[in-house]
Structure formats: C-alpha cells, structure tokens
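Same chain, two partners: chain A is paired with chain B first, then with chain C.
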Partner chain A sequence: MSSTLFDYLQQQPGMAYTRLYRQPSAVLAVLRRMLPHLAKTIVMALLYMPQPILESDLFAWIRPESQVELDESISTLKRLHIVQVVPEPAAPRAYKLSSSFASSLREALTGQGNHRSFGVPCTTRDPNRMTVEDLDGHARRRWEAILYYMVGSTGKGLGQADIISTGTKSLLEVGQFVTIRNERATITKEGFTFLLQEANAQVWSLLIVYLENALALHMEPVEMLSFLFMLGSLELGMDYSTASLTPTQMTMLDDLNNFGLVYRHADDQSRFYPTRLATTLTSDAGALLATSVKSTPSGPVTTAQAAGAGAGKGYIIVETNHRIYAYTSSLLQIAVLDLFARLKMRFPDMVAGKLTKESVQRAINLGITADQIISYLQTHAHPQMYKHAPPVLPPTVVDQIRLWQIQGDRMEANSGFLLANFSNFPEYEDVCRYAESLGVLVWKKDEKRCFFVTRIDQVKDYIAKRRLAAQKDVKSGQRVAPKAPGSVAGSSRT
Partner chain B sequence: MPPKATRGVLVQCDESIMAIIRKIDEGRNEFIIEDLDSGTCLVKEGKLAELKRRLKEQLKETVREAEDSESE
Partner chain C sequence: MDGIDATDHYLDPKNGPPPSLLVVILDTNPSSWARLSPTLPLGDALSALQIFINAHLAISPTNQTVVLASHIDRVAWVFPSPPNGPSAATNGAAFPSGALPPLQAANKYHPFAVLEATITASLADLFANTSPEAVARAYSATQVAGALGLALNYINRQQALARPGGEANKPNTAPGADDLGAKALLTSRILVLSASSDLSAQYSNIMSSMFTAQRLGVAIDVLTLAGKMVFLQQAADATNGVHMALPESEPGGKGPSPRSAALLQFLMMAYLPDATARKALVSPGAGEVDFRTECFCHQRVVDMGFVCAICLSIFCEPPSGNICLSCDNPLTLPPKYNVKPAVVPRKKKAKRKRPADGNGVGSGVATPADVSTPTA
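Let's turn to the complex of A and B:
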C-alpha cells in the first residue's frame, strides 16, 4: 500500500526531500500517488500563486463538513514537505508550496526544462526487440518466483519454480516476509499480509525494504527513490537508454531485473525495458498484471479487485462442512492454500481438501491470523459462491476459523499507542472521538481517560492544534472554559 | 502537560487468560507495560511472541485440551 511508502518518506530528513523534489518526475509521482484528492486540489490552487495564502482564505474555500479530510490533507502536505507554513512563527498563519516542489511540478506540467527525469528513449534500434507480451511474461515469471519462494513450497513436490537470486532472498528475510527454519524459507504473518495485497502494493512493500536497506547495500536512497518514481512515468514496450543513469541506478537495474520490474538483455548494457510492474508503480489504479491472469493458469495472486469482479478470478468454493474445492492449476495458488488447508486431491484443474483445526492452527502458529485466512477465502471466492451472497462464505466456517484461532491463541493483539494523562475529561473525550472518526481507535476506557490507537500522527497533530487554540483563548481572556468540578487535573489515574 | 503516548501492543483477552498473563509477568516484569483492566493490558513491543509462547506452555500444564481428530 502507498501508506508504507508514505511511512518511509516521512522518516526521511528534509534534505532528502529537497533533492528528491528537484526531479519533475518524482514530484509528479508524489502528486499522483501519495496525495488525497483534496490535497491535490490545494496543491494545484497554490501552484501559480506568487504570495503565501492565508489559512483563513484557504479554509474558506473548503466546506466546513469536510474538516476531517482537510486536516488529513494539510497534515499529509506538511509531512511530505510540500507546503510550508509562513512566516515562522505563524501569525497570521499562511501556506505556500515549497519552492523546489512548485518549480518541478510546473516543469512537469508544462514540459519545460532540460531535465532527463522522464527517461531517455534509446535512439538506436534494438535488434532483439521485446514485445509487450514478452515483457509481461518476464515480469510475471520473476514476480511469481518470488511469491512462490515465500510460500515455501519449493521442493514440496508441487513443481519447480524459477530460482530467485540470493539478493532477493536475503531481502525477503530482512523484510521479515519469511524466516529461515531448518534451512527452508517459511512464510510469516507479514509475508501473508504481503500475499494478500494486490500486485502493485506487493511491489511497493518489497521496494520499501529495498530502500531501507540501501545503506547496507552501499546505495544512495534518494537516487533510488527518484529512479523508481521515474520508472513510473515510462512507457510500456519502449526501450530506454542507460547512459544518463548514476552508478547506484545501474546497480538497481540488475536488482529490478531480478524482481521483474525491468528487462535487460544479458549482453546489452546500453538499454532497458520497463515492465508493467514498473510503469504502473505510481499510478493510483494498480491494475498491473490483472490482464494476464485470464490468459495463463498460473496468474499471480490478484486480490482486492477479484472480490466484486467475479468471473475468471475467484476460484475457491467453501462448503459448510469445511471442505474446499479450488479450481486452479496455479502452483502458487495451491501452495498458498496448502498453508492453511489440508489438501487431499489434485486434479488437472482443481484441488480439493478441507479446513481442519490442525491445518488452521498450523497456519496460526506461523503468525497468519484467522482474519487473513478468511479474507483470502473471501477475496478468491468462486463466482458460484456469490449466488447466495451475502454472506459469501458459510458463516459456520468463518466462525469456526475464528474459534480455532482463539483456542490456539486466546488473545487479540494490536500494535500501536496508548494515550493517557489527559488534563481534563472534555479533552480526552474530544480527542478520543477524533481518533474514532479516523478509524484508528481500538480500545478506550473512560474511567481512566486513556485509549489505544493504531496510528498516532494525525491524533498528535490534533492534540497540538487543540492545545494551541486553548492557549489563545486563555491569553485573550475570552471564553475560558470553566473547569468542571469533577475534572481536577491529576485525578486521571487511579 | 500534553497527554502521554506509549508505544506497545494492546492485548485483549478474557479474565482467566489475563490472570495467567499477570502471573507470567509477575516478579521480573518482562512483558506488561501497563495493566489496564481485568481483560486488557499493554505489552512491550517485540515481546508478544514470547508471551504467547509462555502462555501456551502454562495452558498446556493447566488445561487438558480435548484431542482433535482429523477424521472425516
């Protein structure tokens, strides 16, 4: 998901942004991929504005009922160093676009400048020209080999997949998508979450791990990132020159070739072809390899879209007696099923088996959650299953899978942040409600004035903003909220 | 004073399990950051897997699980 890319970008120092935003292709990709629509609208409004715009003027332009979206947009824009608050300290508060972002975006939109950030097409003709089909095939083979390696089925008698490079293997291990047990790769919870994503999100997840390991690989993260953003702007089926690439980017080409993002002739270092996995990197509609699913039985695990789309995509039938029938001959899909079901029979176009307590708990022991199994079954449900929908899956089976998890695990665990020590109840209540509206609230306890959220950034911003507003009120002597008798500071903990 | 934010894993379970978790944590205080109520606590990040393992050990000693057959 782009949110992981967002997390990665957020950790970068301000300097990195200044360098990244010198590339028009990077700026365009960030605009396209990373920003909510309202944030895009704000950027476009500020793009040709010579002066900073007053906060009050900007906000007057947005409907009051869209406050949550507005907060989110402003917060995103600030975090990505796209807008700046001027002057500092802000009185009155005004916004302007960061200058490098603005000038690169203007260049990107109007086609000015002599940057080579959108790739340099090859001028000489390739004697062994690759077609779009060749490239799709290359991308699919490479990417599937990675997924197949993750489900740990190599050598299980299901068949042999392409060998993946040691670099890719260690990357998967560093990213904790697999752990090595008894010299064999075993999938982890993170790995299964990875499998459940659609291809574009998968690619980004792996690339983030790649970026995070840049320094260990002696590579320059900003150059890598701008190269990835550039790939997103290239055209499928074209070959591009490697002449303008930096040494880091040349090294990347080899790795990206292993991932299936680009194709290179083994004997021709001067050109590369981006594949569909690369050219759709920064588009927000991640259709990717979906087109190839129908044509080959061993299509990649495409998820999300398959849920509603039906025909040709879903392949699993689950019966109320826990038996499952999967109409597939894809080794990858069979291997995934084998993680949590007991498969008994295999036919040329179908496997049959059963969800048993043992098989489900084995998966849970690997760290895969009941919800992940259920969502996998649901996403890949055979169109036949939709005839009586909703619900798509038999409720008894769904409940049973959850029950098995509770038996094996007996607890629910969520990672995140506990917020406590609110100075008064209204503050607690208001912030808590805000967290709930964002959908990050997991648990709360009014008596203790504390609650638990899965993500904290926006909540923190909100608390700071609230406090600032409260301070102003106190200073100007207006509307100082009388303290409720019950909310004496310090009584929040028992 | 702004509110305090503590990073961790929120564990929710029923009271009997919570009692065992408390017992595991007793003494060395390796796992629980904050005991929130009878069925909720905040556990140190990265300690969850070990807690689960210890819990399973404890349960094996105390509860005899009905053997589940794989029969059809």
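Let's turn to the complex of A and C:
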C-alpha cells in the first residue's frame, strides 16, 4: 500500500499521466504539491523556452554545491513524467517539458483554453447560502466524527458527533486503520500513525485509500484524481455547479460530503461548496504551517479557529520539565493527548499533564513512534512556543522521548535495496559516497563492498551515468530485500 | 545513538520554504512607453508581467504579490487596489463570481482572474486620471524612490505580521537580530521594471531605500527595458538582487513582438526564483557593476568628487555658495582647499583625506572622497 500521494502517483502508468495533465488544474496542483522547490524553478524556466535545455547549461545555471538538490529535482520530474530527456539516445543530453504538461501549465497561467477545470461557479444565488464559518463547522464535525470513530470513543458523551457512513467505515477497514473485532472497531498501528498526522496529511491518507479502492467501487482513478486536484483550486466560500461533472465525480461528491471535504444541501443537488479541507488539498506543509501561524495571532485557540483544518492547531505548550498544557476543550484532542501523556487536571479550556516514561512507553507499545509524538507536539505547538523558535520544542524533552523509545526498541527495520558485487573498490566507494550525500545510505560494509539504501532510483541513475562515463562494464547486482541494518543487532527489550 | 547527539533533528526538515512576497514596481511613465511602443508595446509587456506574477502565485498558495505603478507624479497601488480606491469594486474580496461568465470563469484559476481584472481596472483608472499637462511637465521622471519606499513599508509590515505572535506594532528592533537568527517566515523581494532613465533628483531617496532593503534582507531586482539607471543597478548589486537589461531588437517584427517573448523568458528564468531557490542558482547578469556615480550638479560621471556629509550627494566641484543642491545644508570645505602648495610640492591627494573629526552627521563638512563604494 502506498502511503503518500507521491508513491501512489508513481505507480500509475504513463497513460494516466497524459490524461491527468490534460487538466490545467491538475497540472497546477502537481506543481504546487509534488515538486521540490528547485524543481518548480526549473519547470518555470523551461516553460517558455523554445529549445530543450542542454544538461551542461543546466549545470552551469545551478551552483555545484546544489548538485544533490538538482539530481533530486530532475529525478522527481522524470518520475512524474514532467520532464523528458531529448533526444533519445541522449547525446548531448538535454531536457524538455513533456508537451501535455507544458501546454496545460501555460493554459493555467494565461487562463486560455476551454477546459473548465477550475470549477464552474453557480449562476443562481443560493437561498440558504453557506458562510465560511458554516463550512468550517461542517468540515470539523464530519472529519472529527471519523477520528472519534477511530479513537473508539464513539457514543461516549459525544451525542452531537455525526455517525459516519458505512462506506467510510469500510474504507477505514480496507486502509487497515481499524480492524473489526467482535463488531467493534479497534484502532491499529496504522490508525495511530494516521491519528497523529496533521489534518492535511490525514485527508490525503484517507483519499489515497479511496483512490486505491476506486476499481472496486467501479470508478476511474484518473478522473477521481483530477477531480480532487480541481477541488484544491476552488475558492473557499463559493458555490459551484454540479452540472458539468461526470457520473463518477457525482458519486465522489457524496463520499466527499461524508468526509467533510465538500458540503451539499440535502435537498439541492445542483450545487456544492468546497470546505477548507478541500481547498487546502494542494498546499504543501510549509504553506499550511504559515497559514496556521497567521490565523492564530495570540492567546488560546478558540473552537472557531480550531475548525480551520479539521483538528485544531497550535494549542500545546511543552515545558522543559516535561509538563504539557493543552488549551483545548475538544474531547478528541484530549483523547489523542491521552495516548502518550499522563493527564492530571482538566479545566474548562485547558488540560494539564506530564509526559512520563510510562505514558510514552505505553504509546510506543501501541505502535506509536517517538517521531510521531514529537511531530504531533511540534505541529500543534502553541504560538507562544514559537517565540524562542527554533527549536520549537525543548530539546531535553525531544531527546528524552527518543531515548525512551530506544530503551525498548533495539531494532530498526528499513525497507530498501542492498547493493553489492561492485567490481572494484573505487567504484564502490564513489557510489557509496554519492548515496551518503543523498541521505539514502543506511548501512555499509567496506570489506564486503556492499551497502544498503532506502531509495534506489537516483543511485541507479548515478551508476548508469558512471558506467557510461567510464565506458567500462561494471557489474553491480541489486537485490530487493527488506533487511535490518547489521550494526544494531538483537531484539531484546529492556 | 548518533542521531541523538546531532542538533539538526530539533528542526523539522519537512517544512517547505517560507512563503514569498513579490512587490513589482512598474514604471508607467507615458513618455517612456511611447518611445518603447515600436519594439515593446505596454500591452505585451503587461501580458508577460501577468504570466510572471501568475507563475509566482502558482508556485505556492501562500505566495503573495503587490503591484505598484511608479507614475510621473505619484505612486499608485495597482494590485491589490486600495480598499477605498476608485476601482475598489473589483478588489479581491469583493470580486464576485458573476463578473465573468461562469463558463469562462471555469477556465481561470480564481486568484489569477482577480489579479487580471484588478490590474486592468487600476491601470485604466491611472491613465484616465493623468492629465496631459502632467505628462508634459514631467517629461521623463518616474517616482521610483517613492515606490521603493512604499514597497519597503509594506514589506516591513508583512514581515512583522508573519512573525509568530504577529505583533504588527512591534518595531523592528536590534539591527541584525532578525537577519540570520530566526528562520524567516516570509521572504520578500522587489522587482523594478524600469523604462525611464533620469533619476538624479531622487538619488538620496533611492540610496536610503537601498540601505533599508539591505537591512531588511530584501533583494531589489531590476530589469531595464530602456534607458539606464545607474543607481538602481547599484541598488540591485548591494541587495544581492538581479540586474539585467532587456536586449534591443529591431522594430517591425510580425505577430507578438520578439522583445515581449524575450521579456517573458527573462522574467521566468532570472527573476522568478525566490530567495530560497536563488541559494541554489548561479545568479545571472553578474557582470561588471558601474559603481561610478553622476555628480548632481552637471550629471558628469565622476570617479572622485565632493560628498555632502548629510545627504551623501555628490558634486564634481563645490556648488555655488557652498550650499548642497539636494538638501540645502551649508557645506564646509576644508580651509586650505584648493590652495596650491607654494614651496614643497606635495601630493594633492594627501590634502583630500577626510579629516578625522568624528562629528560625522550634522557638521555639514563637505569632504572630497572616493565615491567608488556606495556602501560607505
């Protein structure tokens, strides 16, 4: 199962990309969401360039220190079928944008064409017009209903929470976020991971499961994907017409209404409103952080502000003595905090507690990792915590949480690729150094001339390029094997 | 265990680059554009500029933009239009979906459509309110200094708002405190599209803006469409901005003029990368910068001259009455200035050395000085 949108897109065949890139809104979304910053710059530079750019020119433009970023950008662009190498075979190697991507991006920037991919606004006025607050409320109720269901606290003093639809329930089960035992949903390890993500990542995790099960639901994945990307380009607070949507997209609209991504009147099928969960779909992490900081100028986060991204943002204060104070009255947030902290006091707008060894290790036994706890605390840090940032969280607490995990966790599993059988030592050393500079090297053993990487694509390109350059036949076998690094052995728990 | 000791794990590497604010200062001097129109009509330039701004907005949903018109007699907001301005009806918030036919609106990303409508309306408004007398009076002047000042004010405010806690009223205290320490939450830059040339009257204002920009960490990019702006070139150099001149081309080309295509490519390749991306790029146009300056009295290009201690204006020879032409402060020349040595021939240069008096500002001492570095 793919965990991120990028992994999902990569599994798609080339034809899917051609169809996807026909929509300017999809192209815009891919550009915003999927590409590293340098890659965006390269795309924009190539967009109106009449000739393909020579690789040597590209190297002249990018500083030599940024070679790693450049390789990463080019490899991402190639894998997403945005950039093509011309001519084939490449000599001299040059790059150009794939024609469908380039023409759609040009259409998006100039507003030309007749693709109608940015949503058709309603012409008539809605008698029961929804305000942005209404939409936020709708999004929060629906999304929190899903989260409540997962935490397993449904019906526990939560009378007002909506009951989630059977479709959503089965989707959560297919995605292995919950397992059904004795007709009761129990959260899994993946479920905890899901729960501790920020709202935008949660939405995408669920949508990916939705996309992967598209064929089972008799829907077309590419059509769904371009519809999701279109939603990301819509304007919050405006109503859009459903007249131009395909049957698949109409079906999706019902499901997305259940997720809280769009709002539809129960009796009026001709229009829909995107909620904030939908319009921020194509924002990247930095963008979400910036908006969350801006929307909470000072003081505790109110429920209205918390509505912003489904789950609230910016309410936790962590002190160096491991005490935490959370300005929230949301049962859901308290329930999530209770997963890894020992909560002692509850006030009308605040709970106080402590991160203890027992509480953190209990969470780790449930399958939550230290990194997840830290990133949860970090993404939901109170604006007050940013005063002395960086670092946002006290380093002592961050280290202690990690140490508590390491105490019970002596083995780390990395899935990836073992590279072995290098013909000579210099080659091994060179490729190994390259992998290290990319940050994908996990383990190496000089005597055996083999090393282990988490991602293979760029290393493979590098080896091919090396081989081409040296005009030498180099044998390098690649075996695909998930393995634990040999440096830390044993699985004993203390 | 090694991972525990490293300090970089306190920082979240997943966060993308900070949002970027782009302030475009468009020179709207009618005379200059009239001269440019055979090779680069204003309409073509505006289309290119709009694609460029759209591309900037496309890169991240949090990127912001402001367009200012540096006109002959005033500086005007083009985008976003001021809340009580004449074209407020088309302002972003009030922009109704009904302004465009819905099917056509569906072909445009909403923010791009707002931008286009606002720019068109504001510029039409600006030109409608420009009297022929004003054009005749200010033949080739353009209010670049005023526009730079307005842009820097806006940037300063936005940067203060972007800081966590968002106290807009907190002044930017302690020079250098926020330069490198905290991670910038908003990177800003200014792009000047200049079409005019004569700017000597605004020299000191431009230089003040330049130093402010330097301190705020704002790059001033300059793209010269026509004319020559030595001071702006220096400003770009001092703030690590990009400075280039659009190459000339022959008039009379068919279809969309080749210069507008060149303009677009220049903008997209050299001017679009924000501060984050520029760290990875070799900055273009890093040719020789002309650090020489024009004297204020005769517009001669000078290597050495007299500098007013108050406003840093430069004169090739002491102005009449020893009154600074720019700031009207009296200049005090060294008492033995221009006295020819009688007995022992000495080097003239020895006398031109700045007196080590320590009463820098306010003394009004005119000091002949080497002006080859504007960052004095």
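By our rule, the second predicted complex is superposed on the first by the 340 of 494 C-alpha atoms of A that agree within 3 Å, B and C clash if a C-alpha of one lies under 4 Å from a C-alpha of the other, contacts with A are read in each partner's own complex, and residues count from 1 in each chain.
Assume a residue touches a chain if its C-beta (ideal position, glycine included) is under 8 Å from a C-beta of that chain, and two chains touch if they have at least 3 such contacts.
Every value quoted in this text rests on a predicted model; they were computed, and no experiment measured them.
Novice: Applying the touch criterion given at the start, work out whether A:N421 contacts chain B, chain C, both or neither, answering first, second, both or neither.
Specialist: first
Novice: Between chain B and chain C, whom does A:M411 touch in the aligned arrangement: first, second, both, or neither?
Specialist: Only chain B is touched by A:M411; chain C is not.
Novice: Is A:R63 touching the first partner chain B, the second partner chain C, both, or neither of them?
Specialist: Second partner only.
Novice: With both complexes overlaid on chain A, does A:T110 touch chain B (first), chain C (second), both or neither?
Specialist: In the superposition, A:T110 touches chain C alone.
Novice: Could you tell me if A:E358 is touching chain B, chain C, both of them or neither one (first, second, both, neither)?
Specialist: A:E358 contacts chain B only, not chain C.
Novice: Which chain, chain B or chain C, is in touch with more residues of chain A?
Specialist: Between chain B and chain C, C touches the greater number of residues in chain A.
Novice: Touch check for A:Q378: first (chain B), second (chain C), both, or neither?
Specialist: Only chain C; A:Q378 stays clear of chain B.
Novice: Which parts of chain A are in contact with chain B and also with chain C?
Specialist: none
Novice: Taking the complex as given, what residues does chain C use to touch chain A?
Specialist: Within the complex, chain C touches chain A at residues 1, 3-4, 7, 9-12, 14-19, 51, 54-55, 58-62, 97-98, 102-103, 105-110, 112-113, 116, 161-162, 164-166, 182-183, 185-186, 261, 264-265, 268-269, 272-273, 276-277, 279-282.
Novice: Using the touch definition from the top, list the residues of chain B that touch chain A in their complex.
Specialist: 1-14, 17, 33-34, 36-37, 40, 42-43, 45, 48, 52, 55, 59, 65, 68, 70, 72
Novice: Using the touch rule from the top, collect the residues of chain A that touch chain C in their complex.
Specialist: Within the complex, chain A touches chain C at residues 24-25, 28, 31-32, 37-38, 40-41, 44-45, 47-49, 60-63, 65-66, 69-70, 105, 107-123, 233-235, 238, 241, 244, 280, 282-287, 289-291, 293-294, 297-298, 375, 378, 383-384, 386-387, 389-393, 395, 398-399, 402-403, 406.
Novice: Which of the residues in chain A come into contact with chain B in the complex?
Specialist: 342, 354, 356-358, 407, 409-423, 427-428, 431, 442-443, 445, 448, 450, 452, 456, 460, 463-464, 467
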